[in-house]
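Before we start, here is the structure in question, set down as structure tokens.
For clarity, chains are labelled A, B, C and D in written order, and residue numbers in each chain start from 1.
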Amino acid sequence: MIDSFVKDIEPSLMKWRRDFHRKPELGFTEYLTTYLIGKELLNLGFTIYIGQDALVSSERMGVPDQEILLQQQERAKAEGVEESWLEKMQGGHTGLAARFDTGKPGPHMAFRFDIDALPIKETSQGTHLPNQKGFRSHYEHVMHACGHDGHTAIGLGVAAFLSACQENLCGIFTLLFQPGEEGGRGAMAMVDKGWLDDVDYFASGHIGIRHSNVGVVSATTNSFLASTKLNVTYRGKAAHAGLEPEKGKNALLAAAAATLHLYSIPRHSGGKTRINVGKLHGGSGRNIVADEAKLEIETRGETTAINHYMVEEAMRILHASGELYGVETEIETVGNTVEADCDQEWIQWLSEVAGQSSYITEVNEAMPLNASEDVTFMINRVREHGGKATYMVFGTPIIEGHHHAAFDYDEDVMSVGVAAFAQIICKFTQQKEVTG
Amino acid sequence: MIDSFVKDIEPSLMKWRRDFHRKPELGFTEYLTTYLIGKELLNLGFTIYIGQDALVSSERMGVPDQEILLQQQERAKAEGVEESWLEKMQGGHTGLAARFDTGKPGPHMAFRFDIDALPIKETSQGTHLPNQKGFRSHYEHVMHACGHDGHTAIGLGVAAFLSACQENLCGIFTLLFQPGEEGGRGAMAMVDKGWLDDVDYFASGHIGIRHSNVGVVSATTNSFLASTKLNVTYRGKAAHAGLEPEKGKNALLAAAAATLHLYSIPRHSGGKTRINVGKLHGGSGRNIVADEAKLEIETRGETTAINHYMVEEAMRILHASGELYGVETEIETVGNTVEADCDQEWIQWLSEVAGQSSYITEVNEAMPLNASEDVTFMINRVREHGGKATYMVFGTPIIEGHHHAAFDYDEDVMSVGVAAFAQIICKFTQQKEVTG
Amino acid sequence: MIDSFVKDIEPSLMKWRRDFHRKPELGFTEYLTTYLIGKELLNLGFTIYIGQDALVSSERMGVPDQEILLQQQERAKAEGVEESWLEKMQGGHTGLAARFDTGKPGPHMAFRFDIDALPIKETSQGTHLPNQKGFRSHYEHVMHACGHDGHTAIGLGVAAFLSACQENLCGIFTLLFQPGEEGGRGAMAMVDKGWLDDVDYFASGHIGIRHSNVGVVSATTNSFLASTKLNVTYRGKAAHAGLEPEKGKNALLAAAAATLHLYSIPRHSGGKTRINVGKLHGGSGRNIVADEAKLEIETRGETTAINHYMVEEAMRILHASGELYGVETEIETVGNTVEADCDQEWIQWLSEVAGQSSYITEVNEAMPLNASEDVTFMINRVREHGGKATYMVFGTPIIEGHHHAAFDYDEDVMSVGVAAFAQIICKFTQQKEVTG
Amino acid sequence: MIDSFVKDIEPSLMKWRRDFHRKPELGFTEYLTTYLIGKELLNLGFTIYIGQDALVSSERMGVPDQEILLQQQERAKAEGVEESWLEKMQGGHTGLAARFDTGKPGPHMAFRFDIDALPIKETSQGTHLPNQKGFRSHYEHVMHACGHDGHTAIGLGVAAFLSACQENLCGIFTLLFQPGEEGGRGAMAMVDKGWLDDVDYFASGHIGIRHSNVGVVSATTNSFLASTKLNVTYRGKAAHAGLEPEKGKNALLAAAAATLHLYSIPRHSGGKTRINVGKLHGGSGRNIVADEAKLEIETRGETTAINHYMVEEAMRILHASGELYGVETEIETVGNTVEADCDQEWIQWLSEVAGQSSYITEVNEAMPLNASEDVTFMINRVREHGGKATYMVFGTPIIEGHHHAAFDYDEDVMSVGVAAFAQIICKFTQQKEVTG
């Protein structure tokens, strides 16, 4: 019965995915995306929470400048988002929580879907499916290049399943459509709103990491790297480089020094570390001593403790680099993720239900991520309160890697995702026979 | 008689200056400026030479990309520049040479006026004269912040003087309205066209360096710093900084290394040296190993030889910095100036004629520039062929320094400039009594 | 019977250890140590091979300068080493291979013991056992601070056991007393002599890593880090730093640059990496541009391939750092180790024999070393030819860590070592009942 | 008469010079040198002041460690220096002031001669005069490679002249035999003792800078560079670079960073600057994170103010470099010199007396030094109190440059030096006819 539901909804999954793909939005500017999700969920009978009802404003990280937020709200308005919605979301309070209470005693299950896009200019290659099928990004320099369009579509598919099968289910369901996953910026703000404090089963997932066959599902994920994202600004003093070089305070030299010295943070015997200075923009003109330079940096560690070590080292180096050249140092933390462990029971649970769906052809135990995901804040919160949490990976061939301008995947993976969530739902909350 | 001519032309000087100030154009995009100058000179009876008739295309340095040139040509067209002019100037062949032959035997005199503006956003302060009088730059991020608007107006004033007094003068006059002085990019291209090869007297000048009284004129300038401008691009290989950092080739680390090491070029016992990395832009995103970084650099030396030493050291360091991180290094020389000496006779000559003009209240011997000017190529060419050359400085109070967003000067200095050039003209080419 | 042999030999073990401790010798200067070992082995009936009969001269790494070798030979002569021995060993051909053929068919077993000391000044603290018992190093700045004095004593104990029990044993035994283990300099030279090409069972070991109880033995070791040791010399040109700084070629700046940039070699997704610049000596005087600077560097990698990556990166950076400052770069590889795996059967074998010795109280499976040992060349050679190889660790409390000026261990660990080797010997070559 | 005195004393000059050359002593260890000078001066009738009677202990800079001072005192004792002298000089209170009061009213004249040697190993080349004539340095690694042996000999020659001609002279004479000129360490300690507070005429000098003809004398010197000498120690924490690199605090990285960043102190528009890191010694072993590194640094500036700028920049960079790597920074100022101007009257005075001596063949106006000399403290003190001061240069061919292992000069230059001082003495204090 689940399989036939999935079959029926496939045209909607594709439509949703392509709609989101056409209008990608960066973290905390997902005004249109949130609106479209919300309208669907209302139709499906969910109670929805947006704006500061969905997340704790002060816990968001790396929120864009007011100027950008205003531009983006204007854009969203032009795209048809209603004024009343924009009012609630204004200031970058995007994303949405949705509740569905069956009214019958049962467990509390929660699922999380991330909805933001990336600052990448989508390829114009003719071979790229969005170009062939007419759903290339309408927004220059913004692209769903990490599959969150598919995640969001899966989330709507899961919502539709809950709505369709509500008679047979018990318990309470919470769906979190999270903004700002890229850079680790949005999860904590939802966690701190308390959505997960009494959750019994929590699941989230990602499409297309390593497994290239549609149908393969990793029941759990490990090797999440803890990570911190820092923006640094050095402010010095301009001077004419020919006439009075000694009058300047060289912010660019401070930034260059910081860049070099950050990479010399010692390796750690306790596990993996990473450091990257991804961007450096400094100086205003060739013959002027640079009075400003900006850096975008990230640290990672195999554990939260090791990442903490990296951040502490980085902070000291960043300040000392400013001091080297007598310039001011301003450091802003704009993102953060932690380590987490999935509950191993999910391997057994997924394996059990897999047999009941033709969509799931193989269940793997654990996928080592070796990357960072702020879903770890959610997993940890659930587990701290005794719930069971996992992060699944849904296999699919991908055209070029994640975050690439030509990233794409097999849209059939969305069916597998919906099927997996639906099977889990039924396993824990089904009252009559619905599987098969 | 010169003084009364100057008095009469003052309204025109102010109008010209403000017109140029409203429409500032960067080096090799002075399409409108060249057009406006040309139209005036034609009216005044000059023979003019534009496009590749004015300069040697291949000797220009730091010409903008084709894309920018096309945009700027479109802009100029929209501002009313005639198609036939644009055709000749297309591809960044701006600037103009003008000839006036009296038909009577006499010396060949040449004057140079630079016409380009700077990539600076003009201040919006109410106290700034261009804001009060309505001649603020129409072009965001471009501004006449070094007085070349005044230089150009002086040049037109001198042309008007030649035209008005032609009956009393003998010899040949060449006026060079040079593009791309900023960064030392345009002079050599005019020099190599041969305009100065048989010149007997050459003069150019600048307004507002150090002397703050209108009426003070430095007869000569010294301490020109030789200078070279370099653009550097490092090209490496992107990689995910968390997943596979070892796969990247980090162009940003190469650029940071180059920045630091360039400043460690040894001081030179032979005289002043300067090095500046004015701009560094590198990297595409926080979690990506940077695959590209660009630097804007300048070297200077008290002599051409010392600057050559700086360039050689810089070249080696730039290449080795690329090699450090296994990235490609591309270096483009986008500007160049040399040292030069003015002929000392000009001190005597200026002192003699100063007495005949109420505009010139004081003549100083030499102004140490301690900066770079590509007029030095012109001075050297004239002197190599036995001519006498100078570069004058015309005093004026200035509001904030040169290249500042609120740079401004006393417009009366333009009268002093015209008077000085006119007096010199009369000294060497006057046939009847015209002074006083 | 093994236990009683061990009991009897304990006074000799202690005497040997203390004799070696008094006269520690650095890699390739173990003239006296080799001589003392050789004399004992001859008495025990071994056939010995010294000088170029023991190792391939050209495969040694980091051999000291001729001047130092001559000094050390003089010292050894003064200590009583016979001329004929010195002649064979001259030029740093220290170390020794010994053969014992039972004449009866059986397996070929080989054991390796390392014999060199470290350039450390032994503590003068009264609490330090060598000070209390009068066996502190006689050689200022040289010390057995890594337990190789104990390893050598164990080796002689094993030789004595072979000699004593020869009637009951079959097969062939090879003992390698290896010079220059510190820095990974001597193993390859013995391996390439062919000593291990037909060995069936190979074992070596170390005392005192992590396990603090005497009696605990790790049957195998893993996590050997592959490592390479580099000495770098930059040669520039001196100049008076005040009078003519530009005439210098600054070797110290090159060395400082290399130091910084080496640490920025990217972390590797495939496993652990390490880089260390342990020493930098540069420059001759405060007011002189430094014309020479020397670096001592090591790289490590979790696998031989990852270490190779580190070395390749380091080589490029080292050369480019010289190029940065226009100085000559000379790089010498003075040590090398590779990764290796022990055969897992040893866990079972050791566990079996442990029960037969009261000296061995506990057998652990594998000790993760996380350090480098050139015994890995030996392990790999044995395994390539189908033999079984292991590297054991013998627990002991230690006073301060390895390579510390106050390093010391419980001398009882030597009995455990001899017992373990003897048990293994009996397991594979015993013909009559000798155990218990 | 002066010339004949000089002629007669030439054998003594040579003997003195060679005696000092054989026994060169570094700054503040000139025990033997001071003793030999003192004994001569006592014979000549001078009142001498040694130990803390000659200089202010606390104003000395860069005094060697107590251990070295004790060794050197032992050495001096072995060379025959009397106990009573050593007692007064102990602790590095070397150097000597001498007074000669004619008892007749007249000016106070003071002369300074520097007496220290350099830490250079003298060449063993056969062509080197000290090798040919048997006066090569007896002290390995110490050499008179800057001519102070000659300066001291000249000083004794001048003393002999004063003694010989005392009947004809009036006024008071002070001779300062200064320790620790190299590195700018000793002058201030003599100045602060007050020797120069009421001096009317002060002269000092150097042999062999630029002028290669014996007989040429520069009457004055200019372009003294102000300079400061710094010793820096970084103290971190050692750790095994393979096992626990994160536990270390890397003093060598701090020192390498400091080295690089010091060279990036901006050039100064006000005049020459210099920076040099002449020595860096750091780290204890290849596989240990370095816990200590030491730097020897000097700054220079065309003026005292510019040098002050360099020192302030250097101090900030040195501390920040320690902070970069979390290590302790210790900075000691071990030397200092300032700018100074000679009185121009000396050009006239020297020119006048030159005619009266066949030894002085040419008088030049001023020699630009472009180096540092702590005689500037003396010049400034004399001039502050209204006296007239100069620093002369005496021409001579030199074999290799100053501070070179094969430095040597024409010993005839000493005669010129004595003649010049004597002529000046007579010019201002002669009562009867003594010249010619």
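Assume a residue touches a chain if its C-beta (ideal position, glycine included) is under 8 Å from a C-beta of that chain, and two chains touch if they have at least 3 such contacts.
Bear in mind that the values here come from a model prediction, so they are computed numbers and not experimental data.
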item: Most distant chain from chain C by Cα centroid; value: B
item: Winner on C-beta contact pairs when B-D is weighed against B-C; value: B-C
item: Shared interface numbering between chain B and chain A [over half = same, under half = different]; value: same
item: Approximate Å spacing (C-alpha centroids) for the pair chain B, chain D; value: 50
item: Inter-centroid spacing, chain C versus chain B (mean Cα positions, whole Å); value: 69
item: Junction residues of chain B - those touching two or more other chains; value: 243, 245, 253, 257, 260-261, 263-264, 267, 269, 274, 289, 370
item: Sites on chain D touched by chain B in the complex; value: 260-261, 263-264, 267, 269, 272-275, 370
item: Chain A residues touching chain D - in the complex, by the definition given at the top; value: 243-248, 250, 253, 257, 261, 264, 266-270, 289, 309, 316-317, 319-321, 323-324, 326
item: Complex interface listing, chain D residues touching chain C; value: 119, 183, 225, 227, 229, 240-243, 245, 252-253, 255-257, 259-260, 263, 274, 276-290, 293, 296-298, 300, 370-372, 401-403
